[in-house]
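Below are the C-alpha cells for one structure; questions will follow.
As written, the chain order gives the labels A, B, C and D, with residue 1 at the start of each chain.
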C-alpha cells in the first residue's frame, strides 16, 4: 500500500485539517466529534442541508460544503458511515431555526446512524427531515434486500437542495425536492482496478489483467459481474442502457449528465467517456443540457468511472444553475 | 494496460471530442490540425494567450481554455509536444489584432516546435511573444543542459497572463508578467506509481513496493532519486525545502500554494499533503494566501503529487482573483 | 436464580469486555477478510476500534454498576464504530443496560433477559429476519439455546456455553445463505458461500462470554 | 561525379523512404524502450507515426522531383511527429531539400552535400554539441566518414556504407555519455549507460540509405 499519509489511523483527520487550511473562507472543520461546516453557519431562517458518509469518497461530502450547497458534512472513517453524535453536533451547529435536511445514501450503516441522529435531534426540538438516495441501477431492487445503493445522484441532490435552501424554500419543500431528484436520477459505475482502505492495507478485491467489475459500488463492493475490458464505447453503452431503461428516460428528456471518476482515472479518459455518452444520448434524442465531468464521488484511488443521469425540468435546471461556492463545485460566485 | 479508451491511437481525439461536447458554451475543438479555442474567439483588441504541450496532462491545457485564461490550447499526442502547424493555426484563429503570447514549457520538443510556429506566425505578420516556464527544482539547472523542466507554475502563469490579457494589458506587458510569474514560481513532484502511455502499452518506469521517485517529471521522466516511501509529512518537507531554498522564499512572503495530483492520487491524500504544507509554511512565517488543491497538471494515471509555490505581490494576487471561466478553473463567473 | 457465587457481577462484566477487546484485536484481520469478500473490508477494523475505545472509556470513567457499564459501552460503540455494526451493537448494549436496571448482580434468568433485550434491540434497529445472513443468524439461535438451557436448569456458565455453541452453528449456517440485508445483499447470489462477518463477530462475543464465566 | 547509373534518383529516394517506413515500424518497440530508459517512452511511436504519414502523403500527392519529395517529407514530419524528433528530422529534410534544388539526380558529392545541409540544420535547430548524447553523435561522425569516403573516390553505395558504419559506432558511443541536451539531460548521471534513442534512429536512417543504394 502506497499512500501519501502519515499514519493510516490519522489519515481522515489529517486530510480534514488540510481541507480546512486550504479553504478558510468557505468552511471550517470541527473535531470531536468530526464535522465540516460552512464558515458562516448557522444562517438564520434558512433550512440547513447536511450530508455525511464514510470517508474515501472525496470531494464528497466535505468538498461540497459552502454557499449554495451543504451547510455541514459528517465524514466517517474510510468507507464507514459516520456516527450519530457527529450528525447531532453538526445539525445543532448549523440549524438556523428553519429545520435541517439530512441527505443520506442508502447503506444500512448510514441509514441507521442517521436515524439515531435524527431521533436525538428531534428530541432536542430541531426539525429534521431525511432524504435517502438510492440511485444505483447496478443493484437489483427488491423489497427483500437493503435496496439500491446511493451513489452519484447524491452530488446532484446536494447541489439542488442547497440551492433551494438558499432561495428560502421551507423544510418540507426542500425535502420534497430532494426526493424528486432521487426519483429522477439514476447511476451506474465500473471499476478497472481496486482500492485499498488505509487501515486495511490491502485491496478490497482483485481483478485480472483484462478484467473489470461492471456495476461496482463506491466502497469496492462487487457489482453486477466480472467481465473483460471492452472499448470505452461499449462499456458506456452498457452503463447507459441500464440507466436509460430503468427510469425510463425517454426521447425529448433533458438531463444533467455526470461522468464521475472513481479517483484513479485520468481526466483524459473521463472526457472520452463523456464524448461517448453524449453521442449515445443525442442518438436517442435525449439532451444533455448540463454536464459534470471529473472526480466527484470517488473510491480512494480506484480506477473506473460512473455515469449519472438526472432527468430535469425548468425548476431543477434553474436550481442547478444557481450560484455555488464550495471547494469542489463553484460557479456564479 | 487498462484504460477507458477505444483505440490507443484515437484516445486524444476522442477525449477532445468529449471535452467539446461537455463545454460547448466555453470552448470548441478544431481538428486537423488539432487545437482547442474559446467559443467566442477571437476577441478583437485583446492579447490572445495560447499554450500547448503533449496530452496526458489534463486538465492542462485544454481545460484552461475560456474567459480569463487561455484563448487556445494545442494538445500533442500523449507526452509528445504538439507540432508547429497546430500552434500556427491556433494563433491565427484567436489573434484579435493585439498579438499572441505563447506559454511554453521548457522541453526541447516544445521549445523547437513553438519556435518554428512563432517563425511561421511572424512571417504572417502576427506579433508573437513567448514565455518559457522552467520551474522544476528537481532538475539541477545548468548552462550545459536543456535546463529545468516546466511544470506546475505553468498553470499559474496561464491564469495570471489570461487575466492580464482580459484586463487589456498589451502584449509586452502580458509577456513580462508571464516572465515575472516564472521567475517567482518553483515546483517539485514525486511519484508513487508509474503511468502508461496508451500507444506504448506498458509503464514508463517501474517502482518497487515501497519505493517512490522523488523529483519526478510530468512524463514519468526519472527525478532526483529513488527512495523509500516515507510519511507524508517528511515527503512534503523534502519537497518544500527544495522549493523554498531555491528561489529563495523568505519570511514574510505571501505565496499561492498549489498541491497538484498526478492523476491517480485521491483528493483525500492531496488535502492531507496540503495540510502538511500549510503547517510547514506557517512555521516559516510564509503565508499561503491562496490555495489550489486537485488535479491540474497530471501524468495520466500516475499516483503522486507536486507542490508549486508562487511568490506573489498585490498585482499578481489581484490578477489571480480575477474571474475565470474554464472547464477546470472557475470563479467569479 | 442460580448460585450468587457464579452470578454475573460488575467485575465479571468488566472482565468480559476486556476479553472482547482482546478478541476483536486478535480477529481484526479475519473479520475484515470476511467483510472483504461480501462487504467493504472494514468489519474487523470497526470492531477493534469500538472495543478498544470501550476499554479506554471504562478506564477513564469507571461506571458504578452493570447497567452503567452497558450504557457506557453502548454510547462508546455508537460514537466510535459507525457503519452497520455501530448502531446494531450499540443498541444491543443500550437495551441490555435497560434490562439490568437496579441489579448489582445477575442470575441465570437475568442473563437470558439481558440477551433477549439486547438481541431484540438489534432486530428492531436493523429490521432483519432470520435467514437474511446477518448477525441475527448467530444471535437468535444463541438466544433460543440460552433460553432452553436456563429453563432446563443450567447455571450461567452452562447457559453461555450453550449460547456460544448455538451462535457458532448459526454463524456457520450463514455460509450457504443469500444475503438480504446489509451491504452483502447488493451481491445477490454472489453472497452465497461466504460466512457473514457480523454473525462471526456475534459468535465471538458469545464465545468470549462463555469463556469469561467458565473460569 | 560518379556513374549516373548508380546516382541517387527520384525513384531511389522514394525507395529509401519506403524502407524507412518499414524500418521504423519494425523498430518501434526498440526505440521506445530506449526512450523509456532515459526519456518518455515515445521515440519509436513518434518515428513510426512520422514515416508512415510520409508514405501516405507521398502516395496522395506524388512530388515531381527529389527536392519536392524532401520538402513533402519535411512538412509531413514537422506536422506529424512532434516532440524533439519532429522539428529535428523535419529540419534535416527541409535543408536537404534546399541542397537538392534544381537537381534531377544526385552524384556522390551531391549526396554528401545533402547530408551536410541536413545535419547542419539539425545542429542549428537543436543547438547540441558532439558528446551531448543526441542524434548528432551518430550524424556528425557519419558526415565525416561520408565526406572522407567521397574525397577518397568512393561511389554512392560506398559512401553510404561508410556513413552507416560510422553512425553505428557513434550510436554505440552514446552509451557511456552523460546527456546534456533533450529530455535525457534531466537525468544527469543517471543517463549514463543507456544508448540514445535519437542516435539510434539516425543510425537506422543511414543504414536504410546504405541498404537502398547497395542493391
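The criterion applied here is as follows: contacts are C-beta pairs under 8 Å (C-beta built on N, C-alpha and C of every residue); 3 or more make two chains touch, one makes a residue touch a chain.
Since the structure is predicted, the reported quantities are computational estimates derived from the model, not experimental observations.
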For chain A and chain B, the touch-path distance in steps comes out at 1
For the pair chain C and chain D, the C-alpha centroid-to-centroid distance in angstrom is 76
Distance between the CA centroids of chain B and chain C (whole Å) is 55
In whole angstrom, the CA-centroid distance of chain A from chain C equals 33
By the touch definition above, chain D meets two or more other chains at residues none
Contact graph of the chains (line, ring, star, complete, other): line
Here the pairs of chains that touch are A-B, A-C, B-D
Touching chain C in the complex, chain A uses residues 33, 54, 76-85, 107-109, 112-113, 115-116, 138-140, 144-146, 149, 197, 199-200, 204-205, 217, 219-222
Note: in the complex, chain B contacts chain A through residues 2-7, 11-12, 14-23, 55-56, 58-59, 63, 192-193, 209-210, 212, 229, 231-233, 235, 263-276, 278-279, 288, 291, 293, 295, 298, 300-301, 303-305, 327, 330-333
Listed in rising order, the residues of chain C that touch chain A in the complex are 32, 36, 39-42, 45-46, 49, 78-88, 90, 125-126, 179-183, 185-188, 190
